[in-house]
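Lettered A, B and C in written order, each chain numbered from 1.
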Amino acid sequence: MTAPLRASARYLLLSVAALAAILPLLWTLSTSFKTQVQTQTYPPAIIPGHPTLSNYTGLFAAGGGFVSSALTSVAVAAAATVLVLCVAFPCAYALVRMRPHGRRALILVIMLAQTVPAIVFVIPLYSLSLKVGLYDTTVLLVLVYAGFLTPFATILLTAFVRRLPVEVEEAALVDGASRAKLLLRVVLPMMRGGLATAAIFAALYAWNEFLIPVILAGDFTRPLTIFVASFVTQKTIEWGPLTAAVSLILLPVVVVVLSLQRHLVTGLTAGSIKG
Amino acid sequence: MEQSASAARRSGRAARLKVPLAVVAVATAALGIAACSGSGSHGGGNSITVAVSASPSATALEALAPAFEKKTGIKVSFVNLPYAQLAAKVLLSSREPGHGYDVIQFDSPMLASLANGGALADIGPQARRSASYDYADIPTQVQQYAQYHGTTYALPLSTEPYILWYNTRLFSKLGLKPPTTWPQYVNDAKKLSAAGFYGNDSGFGSQIGAYYWLETIYLYGGSLFSGSTCTPALSSPAAQAATRTYLSLLGSTPATAVNGGGNEMTTAFTQGNVGQMINATGYYSIMADPSQSKIPGKFAGALPPTAGPQGHTLLFGWLIGIGKNSSAPSSAWKFLQFALAKSNTSTFIAKGAPPAARTSLLDDQAATKQLPYLPALIGSAKIGVHLPYITQMPQIITSLSQLLSQAATRHPAASQLGQAANALTSAADSSLKSIMSGVDSC
Amino acid sequence: MATALAKVTSRAGAPGGQAPRRAQGGRAQRWAGAALTGPVWVLLAAVILAPLVVAIYTSLTNDNLAAAGPTQFVGGQNYHSQVLQGSFWQSAGITVIIMAGSLLVQIPVGYVLARALLHPLRGRAAFRAVIALPMMLTPVAVGLMWRFFADPDLGVIRAIAAGLHTSSNPNLLGTPWEALVLIVVVNSWINIPFVTLVLLAGMIGIEQELFEAAAVDGAGWFQVERRITIPMLGPALAACCVLRMAADYRMFDLVYTITQGGPGTSTLNLSMLAYQQSMVYFEIGRACAIAVAMAILALPAYWLFAKVTRA
């Protein structure tokens, strides 16, 4: 394939993918300006005939709870991500480069965490959290999210560790670096892309977690996922407020993910020395 | 070479530390803010926690709280639980001493589980003693609606029997009258279909379709179990006839309703091209709201068609009770008594919440004006029964709904209806038998 | 293969293909490693292991949230009534179908997109940002949205189908196979960004000189993929597959919001089965039995996980 043709093929492919990605989101945005009856009209109108802001204003009305839910979600997602990266990074390195004691058991636990349905963990955690006095607190959510996300992050990070050139680390060890120095000053910089990737997804999954906070919190600690779920009532789904909330939530997420993505791009080459 | 490399590493490291540091700073700050605003507490004599589920009834309760607080000085905080996880959360919390909710809004299918699981307190004595509540004003069927094994574990928060809703514009266009018998209903459905509209609106959804199927069975005079035993009765002639009719109406039902239950049925009905629907009265506020419906003023309610004097309609509606583990039961009762007093019925109606049925409502001019379906409501409540209050009910509903949904995907032709109904009812009966095996009391 | 490329690939070495370097050896090494995994152990012990042990014990009881009396030990009864039944295995089959379908869609599409985003292109950053959007939405909201798109009377899918062929009236939610396809499609829609970004991050690490050498040699695109991209991508690709498979195995959110296991039981996967038992029937003992059975069924995956984390 010639270069210009290849470029056009890429453009076509990416455009189709971008379109497929964005159309449902446009629907969400469009619906957030419609009333219920306008949403439930066939054929659906892409641009609402009489757009309304009431869905958005309703979110911020007194006692709405949107802002505090947003703050809770931000706090919990950020803290959980930091915690996950701090524990998963050394663990991933150790699993790949060293043969730590308990390696097999750890992998087994990681596998179990990934394959057993969440509801089964959450119910015993409920009574455990009450006994420890952490029920319905942000701290509990951070710990539990971190617990569920660490297996995922560890696996993801091992993939990036495996790709690192061993010679660099060996050279540093020969130079007399301690294990900690090695990790922080040699490996960490090289893992920037992997850490950014793990951070993006850990944060996203923590942000979007639903079943855990439903059971382990929800009375006074309400992340956004619970807030959004409250628009699904026994008798109806309030599309307007739901899509308005979802649209608003999307904005900070996009900002954070985009800023973390830049680290993805700068890649693994920084810090590695080719002889 | 080495100097520049290490210098590069140092500056690179400094830059790389910036992002994680910033994140940690944000996280700690936000955590602090959220933690301070997040911690709540349960109970104590001067405050109560009310667990509600998003609904007009909940909105009405929240609207009444300030007046209550002013009158008694008891602070009321509301906790909004997602409907699907409400019962599980209440049961879990009731297992832990000191953590139960004080007041709990729940739905009748949850009553058996909550009462049996020890989450609700017996409030019969208080209810009967209270002058402001006036227990005698509640019709007998509705009183029983809130009782499990004879004990009053809750008060009715709303009364929502299934009635017949019909589109008055379509009916007058085709010269139809609200049917009182099933042959008339089916006939109406045929005429509506012939004219290009939907003549029926029933649910066949795999999690809740069973409610609407059972409604038809009960209207035909059939029932889930024979008498007060636990013997499945879905193969009775009445139940079979009802099932045959129910399946025959598949063709004149909007597809969105076929995939779901009451909510989807209502959505279809509000489009304005559906002639008849047998559904709960609680959907009135949605159907009459111009921002949610295309048919305000163009529909009416009537008694559902019955196949004889044995026909019953199903009763539904919110219940509200006091947590057994509540640390402030007397304050909780004060709130219940206040919120459900006769004088506050207007607040419920104003918020679009169906009121709890009271015989005195019929004399209430204002109520009758705001709820044009009130006569149909009271009339239906009189022939209303509730589905058996047994802890196996959720499993029964799910299993029956799955069977119904499966039958619907086969699109039985008119000639196969008898066979299909037969197969469905016998599969349902054997499922019931296995679920109820070893259980003696129903 | 031509020498330029061969020289470069042999110098770079294929990761994972080299002899597993037991990094600087011995016992101290293994304890140091254990120390590094310590924090993870603490976290997982509290959040994963402890509840799992409780769940295993509970699976041997008749724990029911709505029961009046105390919980009793019933041994293997729950396993007999829940796992050794056709319904469990039907759900297992449905789970496998969802996993296989999702994998077959997500990995190739994610790979192709990552490849397209790899080399410089005008507007590349914008494309990358837009393609990443689907994973940023709340899954519960996404499920509800797609359920509405698939609504046979009011949905967008009906509008599109009607535009293409006027008499078509698709009811995806009411037809068993189509409901399964819908779930696979939505699952892919949400997760292709994940696959794309992970593979992209992996691809970025591949040295440019490899591609340049291949260009010098005049290698076709298929050869480039086969000899360079895929081998170098090994770890990232393997991790991606393993993570996606595990996540799809226990998928709950989408099935719950889109089909609720319907129509009939045609999309009732294992997680929905466990949820149904625990949150709808309140039969905690039975739900735990299903979960333990799921874990046992997934044990072969241990081998996959071990392989992916090896040096």
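The criterion applied here is as follows: contacts are C-beta pairs under 8 Å (C-beta built on N, C-alpha and C of every residue); 3 or more make two chains touch, one makes a residue touch a chain.
Keep in mind it's a predicted model, so treat the numbers as computed, not measured.
Engineer: Sort the other chains by how far their Cα centres are from that of chain C and give me the top one.
Structural biologist: Looking at centroid distances, B is the chain farthest away.
Engineer: Have a look and report which chain pair racks up the highest count of C-beta pairs in contact.
Structural biologist: A-C
Engineer: If you average the Cα atoms of chain B and of chain C to get two centres, how far apart are those centres in Å?
Structural biologist: 35
Engineer: Between chain A and chain C, tell me the centre distance in angstrom, where each centre is the average of that chain's C-alpha atoms.
Structural biologist: That gives a centre separation of 15 Å.
Engineer: Can you list the chain C residues in contact with two or more other chains?
Structural biologist: Residues 153-154, 278-279.
Engineer: Which chain A residues sit where two or more other chains touch them?
Structural biologist: 40, 42, 123, 229, 232, 237
Engineer: Could you tell me which residues belong to chain B and also touch two or more other chains?
Structural biologist: 85, 88, 92, 95, 267, 271
Engineer: Residues of chain C touching chain A in their complex?
Structural biologist: Contact set of chain C toward chain A: 15-16, 21-24, 29-34, 36-37, 39-41, 43-44, 46-52, 54-55, 58, 109, 112-113, 116-117, 121, 127-142, 144-146, 148-149, 153-156, 158-159, 162, 189, 192-194, 197-198, 200-202, 204-205, 207, 221, 232, 234-236, 238-240, 242-243, 246-247, 249-250, 252-253, 270-271, 274-275, 278-279, 284, 287-288, 291, 294-295, 298-299, 301-302, 305-306, 308-311.
Engineer: Give every residue of chain B touching chain A within the complex, in rising order.
Structural biologist: Going by the criterion above, the answer is residues 5, 8-9, 12-13, 16, 19-20, 23-24, 26-28, 30-31, 33-35, 37-40, 49, 53-55, 79-83, 85, 88-89, 92, 95-96, 99, 107, 262-263, 266-267, 270-271, 282-283, 286, 290-294.
Engineer: Given the complex with chain B, which residues does chain A contribute to the contact?
Structural biologist: Going through chain A, the ones touching chain B are 35-37, 40, 42, 68, 71-72, 74-76, 78-79, 81-82, 85, 123, 126-127, 130, 135-139, 142, 185, 188-189, 192, 214-215, 218-221, 226, 229-237, 260, 263, 270-271, 273.
Engineer: So in the complex, which bits of chain B are touching chain C?
Structural biologist: 84-85, 87-88, 91-92, 95, 112-114, 116-118, 205-207, 254-256, 258-259, 267-268, 271, 391, 394-395, 398, 402-403, 405-406, 408-409
Engineer: List the residues on chain A that touch chain C in their complex, please.
Structural biologist: Counting only chain A, the residues touching chain C are 1, 6-7, 10-11, 13-15, 17-18, 20-22, 24-25, 27-28, 40-44, 83, 86-88, 90-104, 106-125, 128, 143-144, 146-148, 150-152, 154-156, 158-160, 162-163, 166, 169-170, 173, 179, 183, 193-194, 196-197, 200-201, 204, 207-208, 210-211, 224-225, 228-229, 232, 237, 239, 242-243, 246, 249-250, 253-254, 257-258, 261, 264-265, 267-269.
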